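Think of it as A, B, C, D, E and F in the order they're written, each chain with its own count starting at 1.
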Amino acid sequence: MSEMTRPGLRAADALRAVRITRHYTIHAEGSVLVEFGNTKVLCTASVEEKVPSHKRGSGEGWVTAEYGMLPRATHTRSDREAAKGKQSGRTQEIQRLIGRSMRAVFDLQALGERTISLDCDVIQADGGTRTASITGAYVAAHDAVSKLMAQGKLAVSPIRDQVAAISVGILRGTPLLDLEYVEDAACDTDMNVVMTGAGHFVEVQGTAEGAAFTRSEMNALLALAEKGIGELVALQRQALGL
Amino acid sequence: MSEMTRPGLRAADALRAVRITRHYTIHAEGSVLVEFGNTKVLCTASVEEKVPSHKRGSGEGWVTAEYGMLPRATHTRSDREAAKGKQSGRTQEIQRLIGRSMRAVFDLQALGERTISLDCDVIQADGGTRTASITGAYVAAHDAVSKLMAQGKLAVSPIRDQVAAISVGILRGTPLLDLEYVEDAACDTDMNVVMTGAGHFVEVQGTAEGAAFTRSEMNALLALAEKGIGELVALQRQALGL
Amino acid sequence: MSEMTRPGLRAADALRAVRITRHYTIHAEGSVLVEFGNTKVLCTASVEEKVPSHKRGSGEGWVTAEYGMLPRATHTRSDREAAKGKQSGRTQEIQRLIGRSMRAVFDLQALGERTISLDCDVIQADGGTRTASITGAYVAAHDAVSKLMAQGKLAVSPIRDQVAAISVGILRGTPLLDLEYVEDAACDTDMNVVMTGAGHFVEVQGTAEGAAFTRSEMNALLALAEKGIGELVALQRQALGL
Amino acid sequence: MSEMTRPGLRAADALRAVRITRHYTIHAEGSVLVEFGNTKVLCTASVEEKVPSHKRGSGEGWVTAEYGMLPRATHTRSDREAAKGKQSGRTQEIQRLIGRSMRAVFDLQALGERTISLDCDVIQADGGTRTASITGAYVAAHDAVSKLMAQGKLAVSPIRDQVAAISVGILRGTPLLDLEYVEDAACDTDMNVVMTGAGHFVEVQGTAEGAAFTRSEMNALLALAEKGIGELVALQRQALGL
Amino acid sequence: MSEMTRPGLRAADALRAVRITRHYTIHAEGSVLVEFGNTKVLCTASVEEKVPSHKRGSGEGWVTAEYGMLPRATHTRSDREAAKGKQSGRTQEIQRLIGRSMRAVFDLQALGERTISLDCDVIQADGGTRTASITGAYVAAHDAVSKLMAQGKLAVSPIRDQVAAISVGILRGTPLLDLEYVEDAACDTDMNVVMTGAGHFVEVQGTAEGAAFTRSEMNALLALAEKGIGELVALQRQALGL
Amino acid sequence: MSEMTRPGLRAADALRAVRITRHYTIHAEGSVLVEFGNTKVLCTASVEEKVPSHKRGSGEGWVTAEYGMLPRATHTRSDREAAKGKQSGRTQEIQRLIGRSMRAVFDLQALGERTISLDCDVIQADGGTRTASITGAYVAAHDAVSKLMAQGKLAVSPIRDQVAAISVGILRGTPLLDLEYVEDAACDTDMNVVMTGAGHFVEVQGTAEGAAFTRSEMNALLALAEKGIGELVALQRQALGL
């Protein structure tokens, strides 16, 4: 391990300050502003009493996600995807990841033939927007489900477990938890990990952006991720008053 | 005047509570959250040292705007324009209106060959998103210009006057200032007015959604708009500490 | 008032020569070539016995419009929108304006569950294409309705009033009626006004392209528009033999 | 030959009334309304002093074509291609055919590095729109070239020969010249033939829409086409005063 | 005839080596690799128990085709159409041609309300990809029909005749059969001919790419095509064991 | 381990029959057909002496990939992406993965300002198309580099190591190597692993499609992947004659 210094003197295995603000906007069934340091994502959960065609008549519901970034969420302005007329490959990858992560903890049969759409819109970006999105979307989805139960539309919750996500990476030989932008841009290996409240893996996506990584580096990263997600899961429970 | 009651017992000629929060996000040269009651729009101003092709080599700069609405800014979720692959006619109309309004108070020659892009993204909608956008975008543009001046890139400001906007309408015979959503949906005539700090008209867009309107109704609406914009212009100055 | 001279020594408050030719093409239920001087627009009205999804089962009909410009209707060739794969913001604004203007005089309940589509295609452009389109589309829609009545499909006309439109503007201090292209390109303020036969306003869209305009300038422009539209409404009646 | 009767008692080997009206609109370098009976196509030729990238720096010019049909040129309204966001395969086939036909008689070296764009827009359709387009586009291109010569931009004409086109087909065993819509829809074989003034073939596109056709039927069709194109070429010369 | 030498000393009226390999892939109802010399096209026939909307409820089936070229099927890499977001005009022309050619020999009534889709994907290109596609697609369609008959879904075959295609052209005065790429690029006239097993014409598409061609040249080309297609039809029968 | 039986009695830790056929087509600088059992992917490497804009003037080259699937490579026909006008999120994810994997072993500085494009087109699919693509693309890229060296355009190879990929998964509790389609569709966890010849990780993408997976399951999967990639790397060397 090197004596590398992180911004704000953060420890290598420490999360940034995480804030989860529920009821951030008024119209959505669930609306959460999640902050991982300077990364701020608005996650809304919308309930619609219909399902996409591949679920119609199945008795099952659907949970899906869309992701967007405001043009000036980043250091330099990026083109607006609506103006360009298409979503980038990166955007599609991220929204597919969020959707799969949510479905991993949902019992679609218990949800009934309705759809919960999670919209994750990045207001301000500083690394980790996809992991913040997953962590916040879970809380928004939980609020939407609570509303359905309060309305008597659901008797039991279709949510089987919590789900949260964090990034880990190796920067100049040091494994780091929860990369902010300058670290992400400089690191050799970047891994996004999604886990359940029970501590099992939902998604692991590791990429060597510089040198390929060894099995022991992978083990170190997974251990860091387990620690970080354990903390996030506790913060979710606290935000939900559970 | 009828005895019609507005939500919150607001007077017919009163604005909703208006709040202008500068430096709302950290990356943009200007970043303003503008609130007209429950309508909340994030307006960022981005400076780029290049101009579109129709201005290249002209010695003049460009000021332009884009507008978007988060899918769940509204009562029911609307489709994400980036996912649909195109911006609606409504979106294009609004962003063209914002851009023209900004250019009406900018000296493009004095700006020099650079572009200021105003991104107006609706976080929460309750009527009047385009007028809030114009009112907030002016403040964001002012901050971006101040930054250029502080950096020594501009010696004199290219901004010649303030610009702000408000909606007015006729609901069951009563002219109303600053329509919120339920009023906008029910009114017969809807007019958006953009004016300068000097009290001159930049844009007037009136539409009879129910019965056509008379000349005297038009006069009443314009008078209401003049009153409202006078107040907005004062609020902009106050927010900017001028 | 200045002593400014208009092309063809036209008076400041005079329309260009207006011609309305019905039955210009053979297939459409209404087909009108409308000419405002050198501006020539073919307006066709097509009746279809179906409605868009938001009207299905409502018992109401729909009236809508599309607008296009032939690539060489203008001084220099413009790109074909079909080849570019999208309609410009300007095109969408104009066709939305035409559609709203037509619906302002239609009783959609009385129309029954059918659609009238107005296609306004500019054969030759010299300023005022949108106002010519509205003025001609009304006549084409009237012919289509007459055909429906002659066929016994409608017992009473769903058209409640006439509708026509004109542009007005301020060029070097002088308010002018019915701007042709060279005037439109040079003027400070440009306003399009849509009014009913009864003399009430349907749409007012004024834009300061140069200096912002005052309330008294606005009054002068509205008065000019009222005069012009009064003449257009008479010409429509004459063309229809009413 | 059968005793089949054509609309208007036209002979099997007769063209419909053909009219070629030059200078139909005022802005284009060449502007021709061509009528084959009820089929009416506006053909404009636009000269631009630039070439597409594959000709840049080659010393050669380019001649190209675009084709469109107004939505209500036909019996029932067809969708506007600009609104659908793409040109149909049929549209692309036709405009590629028109472009190749024009280039067959153009010396691109003699044209110099400039582009002539032929826009063929169908105002009213009754069969044979592509053959009318080619026949009219030639005249529009000729006018555009004459203008370039009158301006001293070209010393010798880059046009080497005339070009015109006609449809032929077999309807219930009878070979027919210049099919109108009802004949085209009913015929077994449909062939479009493009020929030069010298009587040579530029394009032959024959399609069996019902039963496949024999070699002797093909010979009969080609003979009819030669007769028709001979007449069209004479009409072009007459229109151009040659 | 000149003493021109073809690659591989092929005679002017000789086909390249033609190979037809059935069952080339395992999933499709018909799967044929067709080779005309170095041109290799994979033709698959897919049966779906549904029809497009214009055939729904008609009791008739549909036969259609799509065409594609792998990016590096050619000498230099061409852009992937899926990445560009649209099919070129050339691609659309070819797939429309293949579809019409197949339908010319299909009794859609006898096929019943199902669709056969022919996908023709060029693995390697050396001229004649569209004629190889038609020739191979026929065999793939035949295999798909045999499967439907073996499954008892069809009692009698809806295929009325064979269909095959070949290119012919004139290169420096010599009519040639089955052009390979270097010949196609250099020739003055290029003609694609589609014929039935009975020797009748389905499609004739001749284009003068250099000088226009005479009637006698056309006759020579058609004679060559008849010879070549006669051989292809025999090869199809042999491949199918008929 | 359970007593689960794999198709063909394959052992849980056995690859399918892998075949790597070089020089499969004639035009590309590298052309490889790679087969993992019934999965067949054509991988071509194309060299172009230009770079995308973000590399222009950098002295560095670029390596990129595109992925496609023929419509009937699968059990049921899927829509052609070129016809739909866009690539799916899945396609984009896969081609981004292939591109990153190739760049992980390329020294872009040593490549010089040129681009190698890897096109991976699935001829027949039976699971593992992305891992077969990466394994085959490496061999195609190696052939393209060898050609550049033989032509004297490169003095030393920019390829620093081999790269190959395999899928692993857990099916009813048993970790399996190299999933074929029926296994992939039924498994709980699916992981794609990309490694270098030196045995280090380039990408790890694990997804719980059913129950979330534990750390020990992850370890078992990674061990299986290491074994499989070791064998693939040896097969690549053998195919290349190294």
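Everything that follows uses one rule, which is that a contact is a pair of C-beta atoms (placed from the backbone, for glycine too) under 8 Å apart; a residue touches a chain by one contact, two chains touch by 3 or more.
Please read all numbers here as calculations on a predicted model, not as lab measurements.
Any chain touching chain A that also touches chain D would appear here, but none does. Here the chain-to-chain distance from chain C to chain F, counted in touching steps, is 3. Number of steps on the shortest path from chain A to chain F, with steps defined by chain touch: 1. Shared numbers divided by all numbers used gives the overlap of an interface; between chain E and chain F this overlap exceeds half, so the copies present the same residues. Separation between the centroids of chain B and chain D, computed from CA atoms only, is 51 Å.
For the pair chain B and chain C, the distance between C-alpha centroids works out to 28 Å.
Note: centroid distance chain C to chain D, computed from Cα atoms, is 33 Å.
Within chain B, the positions touching two or more other chains are listed as 85-86. Note for the complex: chain F touches chain E at residues 25-28, 31, 38, 40, 42, 44, 46, 48, 66, 68, 70-77, 80-83, 85-87, 91, 117, 119, 121, 123-125. By the touch rule above, chain F contacts chain A in their complex via residues 86, 89, 92-93, 95-96, 100, 104, 161, 191, 195-196, 198, 200-208, 211-215, 218, 222, 226.
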